[in-house]
Structures are given as structure tokens and as C-alpha cells.
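Same chain, two partners: chain A is paired with chain B first, then with chain C.
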Partner chain A sequence: MAIMKSKRAELATAAVLMAPFIIIYGVLFIYPTIKMVQVSFTDAPLIGDGQFNGIDNFVRLWKDRLFSTSVWNTLYFVLLSVIPSTIIALFLAMGVNRLKGWLQSIVLACFFLPYILPVSVVYRIWAWILDKDFGIAQVLLAPFNGGTNINVFRDLPLFMPAAALLTVWWLIGFNMLLYIAGLRNISTEIYEAASLDGAGRWTQFWNITWPLIWPVTVLVLTIQLILQLKIFDQVYLFSRGGRVDATSTMVQYIYKQAFQLNHGGVGAAASLVLFLVIVIFSVLQFQLLRTRGGEK
Partner chain B sequence: MKKFIKAALAATALVTVTAFAAGVQAKDTIVWWDFLGGGDGVRMKSLIDEFNKEHADTVEIQATTLDWGTPFYTKVQTSAAVGQGPDIMTYHESRIPLGISTGSLSVITPEELAASGIKADDFEPANWKAAQGADGKQYAVPLDIHSIILYYNKTLLKNAGLLGDDGKPKGLDGVANWDAALAKLTANGVVGLSVPTADGGTMWRIFYTLLNQQDGVFLKDNKFLDGDNLDKAATALTEMNKWVKSGWTPKQTEYAASIALFTSGKAAFHINGVWEVPTMVDLQKKGQLFDWGAIQIPALYAHPATWADSHSFAIPNRVGNPVDAAKRKLVLDTVHWFNQHSLEWAGGGHLPAFSPVRSSDDFKNLKPNSDYSSLAATAVFDPVSTLAGVASPVYDAAGNYVLPAMNGDLDPKDAASQMRDDLQGQVK
Partner chain C sequence: MSATSTATVPARLDDAAIARRQRRVRTIDKVGLVFTVLIVVGAILWAFPLYWGVVTSLKPESDVVKAGSALYPEHLTFDAYTYALFGTKLGLWYINSLATSIATTVIVVAMSAGAGYAISQLDFPGRRILWWMILASFMVPIQALIVNHYVLFNQFKAIPVIGPWMTINTLTAVVGPQLLAPVTVMIYKQFFDSVPREMKEAAVVDGANDFQLLFGIYLPMNWGITTALAIITFIAAWNNFLWPFLAISDEDKMNITVGITQVSDAFGVKYARDLATAILAGLPVAVIYLIFQRRVTQAIMLSAGIKG
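The block that comes next holds the complex of A and B.
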């Protein structure tokens, strides 16, 4: 009897302790998600309720050329940013890892510095670096454009690569940090043993570093994938006033529908699609990469 | 624990009582939201200070400046829907149709206007009407008319023989004369005209100006660029493209850079909003700018016409917590005060909407405003539609079609028809 009582008391304590998290998670995540699914089947405006209209919103997305442009742009951006930022981060981390003492700290800080900047600052910096008339980068760009300056963010083929480039520059510090932590976990004895056996740099990297760092790579890739599928800020800021439709991404499409055009239902439907895309992609990627790593 | 709660409760009660007591004694407050973050915002702040000083014992405006464009209007819409938000806010007239459709705006009755001394006759008819819904009801009171103007460098024009004895440019009317002037001015590392060719908003303003100078109608009866209006649109786009193609106007120039081209003497003309007047005035005050002036955009086609919009004052429709009658009276009195004092606002380059101020001697002596104030008579406001107005699909379309057409990335005719199809597809 006494045991049961104390168990019940324990349960009560557990419930009280967990309540804040459960309530916050429920109110700020579960409830809005359910609501989003609900709204996506209605013709609701941004504020207030709408009439149930079945799968009309999804049919509309399917037919909307702007939505398919947005999906392709998002995937293109992911391709341009996720893999480069992972690979470059690994190589930079290996480089920084070879440095010693305060030099290492300074170099690491330099690479990490952009990461702490807010996106608006990143936008300002790069807008001026690349400015068509006054940007210093034009010295390097103009020779490739027949000697005349070029507006990188108004020339369509260059827009996404440029946005990806500055995104890599901006976020690479964080990936590097994860890699450096991973590299420090690899025991130096393994490298010593390998070099005694006559393994060169490349063999060491390919047979020791790469397989042992694989779990970090999976983590970095997954974080980056989820983050970049939700790309909005940079593209929004750089395309503002320009050819916004041609460079639109999925979150931008949601923003346009819900906030600019007051089509809450369509916005919710597009959000649901993005939500599912992210869930499917990240689960698939994580599983795929994990098994591949396991085989090694 | 109990002690702590008791103490907390007591403290809360004390704060509430004090606040209440203070509230009873305090003068009336007006909660004010605007989106005036630029050079004109500084002038608005000093005007608000002046108001607060003059009404030190009775009324106080508590002003907040928010981010311009979609963020501002989204915030207004969401806060009004839950009964929150300001007592008064600035609103673009072009945005009023969308504001009505989202239920963000409260109707101002003729009786209320009369009670505060606000009369339709004191405003340009087109300006006053742009603050009304399709139902003919008044949703706002205009404060100014703002438009695009032609800034010019007097020295460069004089050297090219394009400056009249009155110090204003001469012989610019008609496409042939205008083109010839640009061609003549483009020499020795100077271009004829700098325009923010990378900015969709400016693209829209120039395009709409040239379309209306040909009597083109952008939107009528829910039809975009119907009939021969499409050809007129293509004509306007072809002309804009010609400036770039001929090397008279630099391609894909960002907003700030286009101003810098003019202020550094590398462009003879500059087309931009009146809101950049403070930029020039301030530079000249510091002795960093040449002799300059500004006039209405010349009539390239049949007659003068210029795109215009208007900052106006509106009362939000706060659901469940409306602005009460006494406060509404106070708010409209305040609006009237601001219109009577809008000469100071004109320092931001804008034209006062309030005709008594615009026709006053003080305004006539205000340069350069009075040189371009004639545009008010032929101003054309944005089409009345939920798809038009500041930060609207029409503005986006300008970035998507007018911008590439002007910069030569899209054929002008194709651009016109693609723009029509895109916008037509968004009509419900």
C-alpha cells in the first residue's frame, strides 16, 4: 500500500515536472501543426476562419507555376549549399586542427565570426561587396563579363550560386566547429600506427579520418539539409525589388500567399508540403547515410 | 513560499493602483504607428514633438515607427483582428483597397469629418477619392502627395545648352526631344540619366507614368492592360529599354548607387521619389553638392501625367476593442492639426495634400518643392484593386517584368503580355 502511494506521488511529481515542457511543446508546436493541417483544407484568409474546400488548395499548388519554380529553386539552393558547406568545412577543420596554440584560436575565431552575424548584416556586407557600381568584387568579376560590371543579384543564372556562396561563408563556422570536435575525438595513436606502417597523407585521410568522422558528416549534412530547405532570409533580402518570382523559394511562396496576398489556406497548404518534404528528406537521408556508414 | 506569493501579490496590487491613479490624472494619449523610417521620418518626429509641446497639458502622441511595406501592413492586420494596435496609423492610399478587404480599416463618417473641420474641398479630388472604398465611404485622410520627379544637374545641363534662363531644363517634352537630350548629355564619362534600374518599385513608378501619359489604362473592370493598352505598355517599356540600350542609363543599378551616380556628378538627370529631396538638400547644406534642381517628369507622350501615391491617416478597425468615440474625435482633430502644419512635412520632399498649405505663400517659397508641385494636378494614383498598391502583386510584377524589359533581359512586348497574363491570373 505504502509502495503504491509513493509510486503515485512519484508519478504526480513527474507530471508536474514535465508539465512545463509538455504545455509549451503542445501550445507552440503540436497545436499550430494541427491547426496548419486544418487550415490547409479551407479558404481561410490570414486571420480568421474559412470554409472547408477539400483539396482545392493542393490542386492549386500543383497547377501554380510559381509554386513549382519555388520548389525547384529550393532544391537547387540545397544542392548548391549543403554539400559544399559540408566538404569545405571538413577541409578547413582539418587545416585548423593542425595549427597550435593561440594561432589556432585566432584562425578558428576568424572562420567562426560570420556565423554570429545576423542575416541582415550579412546582406549589407555582401550587397556592398558585390554592388554593381561600387563593389570591390567587381574587379574580379568584370573580366569574366567582357570587362563590364555585373549585377550578380539581378542576373538570373548567377542569383542562386551567389546566394549559396554567401550562405556557405556565413554558416561554415558552425560546421567547422562540429568537425573539429569530431577530429579531436580520433586518437592520434591510430595515425601514428598508420604512418609506422607507411601510410601516406591521402591513405590516412581516406582510411582513417573519413570513416571515423562519418557520424559527424551525417550530423552536419542533416542539420544543413533541414536548414537550407527552409531557405528564406538571404533570398528574400537579395531579391527584394527584383525578379522575385524567378528566384522564389518555398518559404517565400508561403510568405507571399499568406502575408502578401492574404491567402491563409494556400499558405498553410504550401507549409504542409514543405513540412512533409523536410520530414521525408531528413528521415531518408539520415537512414541512408547511417547504413552507408555502418557498412564501412 | 507563501510569504513570497503574498509579497508578490501585494507588489502587483500596489503597481496596479499606482498605474490607475496615474491614469486618472494623466492627459489623453494617442497611440500612433507609422512606417516613416527614412529622411522624412526625422521631419515627422519633430512635427510630433511640436504637437506634443503645443498640447503639453491635454494630449500626448506616443509614436512608434515600424518597418515599411508588407511587415507594417501585416502587423496592422493581425493586431486589429485581435483588438490591439494603435489609435491612428499612417497608411498608403494605394494600399487602402487591400486594407478594406482584410477588414483592417475603420470607416470615418462625414459627421466625424465635419466635427473635426476636415473638408473634402481642401484636397485634390483624385487624392481625396483615393482614400475611399468602392462603396464611396471614407477610410482615411490624406497627408501628402508623393511622386517621382526629375532631378537635374544645372552645370551639366547648362554646358549642353539645355538649361533655360529660369534655371529650369528646357525642350524635354516629347520622346524625340527627351531622347536627344539624353544622347547629348551622355559624354565624357557622364551618363544622361541615372535610375535605380535594379529596383522594381521605381520601375513601376516610371512605367505607370509613361503609360498614363499615353492615356493607357492599367486596370479597368478587373481587366489588366485590356485591348490597345497592351500596346501602350509595350511602347512605354520599349522607350525605357532604349535608355539602357543606348547607354544613356546604366543597367541594373541599385537604389543607393543610382543616387550616388547623380550626386557625384556622373549623371545629368536622376529620376526618383520626392522623398530623396532631403538627401540633396542636406548634401548641399554641407557644401558637397553642385547646383541642382527638380521638376515634374516631362511629358514624353500626349500630355503630362505622373504616378503618385499618398501617405494618409487611418483608424484601425480593432475588433472587440474599437477606438471609442471621444478618442476618434481627438484623433481626427489631430489629423487636422497635422494637415494644417504640413508645411514642415513638405521639407521631406512631399507635397502637402492639404490645399490651403499647398497654395500658401510659404509653400510657394519652398524650393525645390514648388518647382514640381504642378504634378499634383495631373497625378495618377495606383489602380484601385486589392492586387495593387505598395508591396502588392503589381509592384512584384514590375520587378518580374518591367525590370528585365528595361534592362534588356526580356523583350518589351513579351514582358507586357506576360505581366498582363500573370496579374490577370491572380484576379479571383
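The block that comes next holds the complex of A and C.
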């Protein structure tokens, strides 16, 4: 009897504690996800119902040059931002790790502070630095252009590399943080033993640091990959007033179809594609985390 | 370090070998110094854009556009800041950002602590399904749901009485999708799992119920984690761009991150003013980070799956 009562009390407690979570996730996660799948098979506008039209939207995506441009731009941006930000972060983390005391704190803060700032601030600062007329970076850029200033975000081949550059500047602190934690887990005894055996710096890096830090590298790569596939903010802000379509990314394509062209169905279909791509990478990441957790 | 390693050198090493090793230690230290200098130079380069933004915002507009503008403010002025604070809607955007970020933080932390406790400590039907749902939502890109979130909040208009307070173009709509923070539930569960069972059992013998356990033992024991999670939830909400940008078109209801990029374009190119508004927009999160550095880094590592 007492056990029955406590069981019922436990259930009631659980219901009270879980209720906000269940309501919020039901309304804002489950329902919109189901709706996304459903709407992607209709010709619905942004607001209002549409007719079921089979896989028309997906055929349309397949044929739409803007969609393939957006996919390629997204992948290009991922390539330009994820790999450099991972590699540079490792070297910077090794450098920071050598320092001690207040110097280490200050140096780390210099690299980390940009990561804390909102994208709008990053956008304003870099728009000023790269400004065509008065940007300080023109001192370095103009000589490569025969002495005339370059309008970086209006010069198509330069757009994505520039967007990737400031993204690396913005987000590197996060990667460094994970690497610094990883480097601290490598025991100094291994390095001492290696240097006793006469191993040089480079040998130590290739034979000790690189293999032992590899799990962190994989983690950083997957987190950044998933994050950058969802690129919108910087690219959108810098492309305004320029050739928006030529630099469009996947989320921008969704935005354009649904919010600017009022094609809710096509927007949902593109969302579903992005959704599936990211879920696949996330499952991989989750598996990696689980195997890492299992090693402990 | 060299003293300890010399001590561990086996006796059979001859003098020449020791001399060779010491030479190597010396060159390594020289290389080390080069690395230290490089990393410090790197840090200065990294901080330069921020410095340049701040310096520019403290100059008069006429100095800003002068060729070969100085690396420090020759004629220090706060005109750009006075303008940003009193000539724009910055104050209003600040209030909107504060309101939505605080609401997001409070709801996310309270909801996650409750759900984390229930999943970690209670046994009820559907517990496993809920746990899988949390893991699943961790993988879903919120960006893929923007279209349907927009439609959903637009539908809220039809709800009697409260509808107008939660549809598109309200602060409630800005908060809504930001409440999906499965990572905080996962972190709470992980930390509640590691609270020693004896503590719970002792309290249960004394007649404590689950709410007393949660507020008397589990939360106080994990106070640090709660602060850390609250801080990064706040920073993330303050910095969010895409959804607040879509949900709000009314200038008066914009968040600061959206407002400064959508509205300032109207008054032409005024570099110092633009930068002053941007710096004011970033200031709160920068200050929070500098005060709570350790908590911020701890929370970031936890959400990346590294127990710090």
C-alpha cells in the first residue's frame, strides 16, 4: 500500500517536473518538425494551406540553379572555415599552453573575446576594417590590386574567403578551448621521456601530440562542420546590396524561398534537405562522443 | 626542469652525451622563446580588430575618414556614443534584448533543472522515450525549422485574449524557439546522476519529498553548474540573430543585434557611430565574459561534451 502510494507520488512529481519541458518541446520542436515534413510535399505559401504536390518541390530544388549554387557555396564556406579554424586553433592552443600565469590569461582572452560577441558586432568591425574607402586593411590589400582599393565583399572571388577569414577570427576561441583542455590531459612525463630519448620538437609533435590530440581534432571538426553548414548571419549581412544570389547559402535559400518569394512548400523542402544532412553528421558526432565516453 | 631530468639520466651516459643533451636543452629553450614571442604577437594581431573598432568609435567622424588615420584617438570624443544612446533606438533595443535574454535564461534553466532531475532520479513510464527525444532534438538544426516556427507563431494570433501577445512581432515570439536547449537538460542529468546516493537516502529517511531534495540538495550541490549554464544561455540568447531577425519587423521590438544591422543603414555611412552602436551592443556579453571567465569556459566545454 505504502509502496503503491509512493509510486503514484513519484509519477505525480515527474509529471509536474516534466510538464514545462514536454509542452515546450511538443509545441516548438515535435509539431514544427512534423509540419516541416508535411508542408514540404505541398505547394503552400508561407502563410496558409496548400495542395499536396508529391515530390514536385524536391524536383524543383534539383533543377533550381540557385539551390545548387547555395549548396556549393555552403560546402565551399565549410571547407574554407572549418579546416583552417581547426588547424590554427591547435597551434595557437599549443602556444597558449606554454605560457603561464597572467600572460596566459591575457593571451587566451585576446583569442577568446571575439567568440563571445554577437555576429552584428563582428560584422560592423570587419565592415570597417575592410571598408573600400577608409578600411585599414586596404593598406595591405591595395598593393595587390595595382594600388587601388578593393571592395572585398563586392568582388565575387573574394567574398567567401573573406567571410571565412572573419569567421575563423570570430570562432577560433571555442576550438582553442577544447584543444587546451585536451593538451592538458596529455601527461608531461611522455614528453620528458621522449626528450630523454633525444626526440626533437617536430618528432614529439608528430609522434605524441598529434595522435593523442586526434580525438579532440575529430570533435572540433564535427562540431564546426555542423555549425558552419547552417551558415547564414555573416554571409547574409555582408551580401546585402550586392549579388545576393551569387553568394547564397542553404539557409539563405530557405529564407529567400519562404520569406521573400512566399514559397512555403519549397522552403520547407529545402529545410528538410538541410535537416537530413545535419542529422547524419550529428549522428556521427554522437557516436564519436559515445565511444569517447566509453574509453573513460 | 633540466635539474630533474639530469637527475634521472642513467649513470652510464658519458660526459659527451650529457653535454650534447644540454646543448639541445639550450636550443630548445631558444626555440621556445621564439614560440612565446610568436603567440604574443598572434594575440596582439587577434585583438587588433577589436581595438581598432573601439579606437575608431572614440574619434570625431572627420578624423575617422582622414587618410592615414592615427592608431589612437588624437581628439578623444564620446560624440558617437552620445549619438548612439540618445539619437537612436538603442535604449529600446537594449531593453528588448535584456527582457528576451533574461526570460530565455530563466525558463531554460528552470525547465532543464526540473526535467534533468526527473530523468535522473525518478522512475516513470516514458522516461526512456523522453531521454531519446532530448538526444534527438540535440541533433536537429533549429535553422531548419525557421519556416515552420514562423507559421506557428503566426497561427498563435488566432488564440483568444493572449494571442496578440505571442504572435509574430512580439517579444514572446523571440523567446519561443530559443527555449529548445536540450544540452542544458543533458548536463543537468549528468550532474544529478553523480550526486552521491547516500545523501538522498539520508534525506528521504528524514521524510524529504522530491521537491525538497531538488531544491535542498541537488540544486545547491550543483550551484556552480547552474550559474555556468545560466551565463551561457544568456550570452547565446543575447547574440542570437537569425530568429529574432525573422520574428520581428517592427523597429521598436527589435533586439539590439538585429536593430543595429537593420536600422543604422538609414542614416548613411557614419563609421564612428556605427561602431559605437556595435560596441555598446557587445559590451554586456564582453563584460559578463571577463567577470565570469572560468564559468563561461566550463559551460562551453560541457556543452561540447567535455567534462571540465
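Some points to look at:
What we mean here is this: the second predicted complex is superposed on the first by the 252 of 296 C-alpha atoms of A that agree within 3 Å, B and C clash if a C-alpha of one lies under 4 Å from a C-alpha of the other, contacts with A are read in each partner's own complex, and residues count from 1 in each chain.
The rule is simple: a residue touches a chain if its C-beta (ideal position, glycine included) is under 8 Å from a C-beta of that chain, and two chains touch if they have at least 3 such contacts.
Note that this is a predicted model, so its numbers are computed, not measured.
In the superposition on chain A, contact of A:35 is made with chain C only, not with chain B. By the document's definition of touching, of the two partners only chain C reaches A:169; chain B does not. Residue contacts after overlaying the shared chain place A:201 against chain C, while chain B stays out of touching range.
Of the two partner chains, chain B and chain C are each touched by A:134.
When the two complexes are overlaid on their common chain A, residue A:46 makes contact with chain B and with chain C alike.
After overlaying the two complexes on the shared chain, residue contacts for A:243 are found with chain B alone; chain C is out of touch.
In the superposed model, A:96 lies in contact with chain C only, and not with chain B.
Set side by side, chain B and chain C differ in how many residues of chain A they touch, and the one touching more is C.
Look at A:186: by the touch rule set out above, it reaches neither chain B nor chain C. In the superposition on chain A, A:83 makes contact with neither chain B nor chain C.
Chain A residues 46-47, 127, 131, 133-134, 259 lie at the interface with chain B in one structure and with chain C in the other. Those residues of chain C that touch chain A in the complex are listed here as 1, 5, 8-9, 21, 24, 28, 31-32, 35-36, 38-40, 42-44, 46-47, 49-50, 52-53, 56, 64-65, 69, 107, 110-112, 114-115, 117-118, 122-125, 127, 130, 133, 135, 137-141, 143-152, 154, 176-177, 179-180, 185, 209-211, 214, 235, 238-239, 241-242, 246, 256-258, 260-261, 271, 274-275, 277-279, 281-282, 285-286, 288-290, 293, 296-297, 300-301, 304-306, 308. On the chain B side of its complex with chain A, the touching residues are 70, 74, 77-78, 81, 98, 101-102, 198-201, 250-255, 257, 260-261, 386, 391-393, 396, 399-400, 403-404, 407, 409, 422, 426.
The part of chain A that touches chain B in the complex is made up of residues 45-48, 127, 131-134, 150-151, 153-156, 241-246, 256, 259-262.
Within the complex formed with chain C, the residues of chain A that make contact are 9-11, 13-18, 20-22, 24-25, 27-33, 35-36, 39, 46-47, 92, 95-96, 98-99, 103, 105-107, 109-114, 116-121, 123-129, 131, 133-134, 136, 169, 172, 174, 177-178, 181, 192, 195-196, 198, 201, 219, 223, 226, 229-230, 232-233, 237, 251, 254-255, 258-259, 264, 267-268, 271-272, 274-275, 278-279, 282-283, 286, 289, 292-293.
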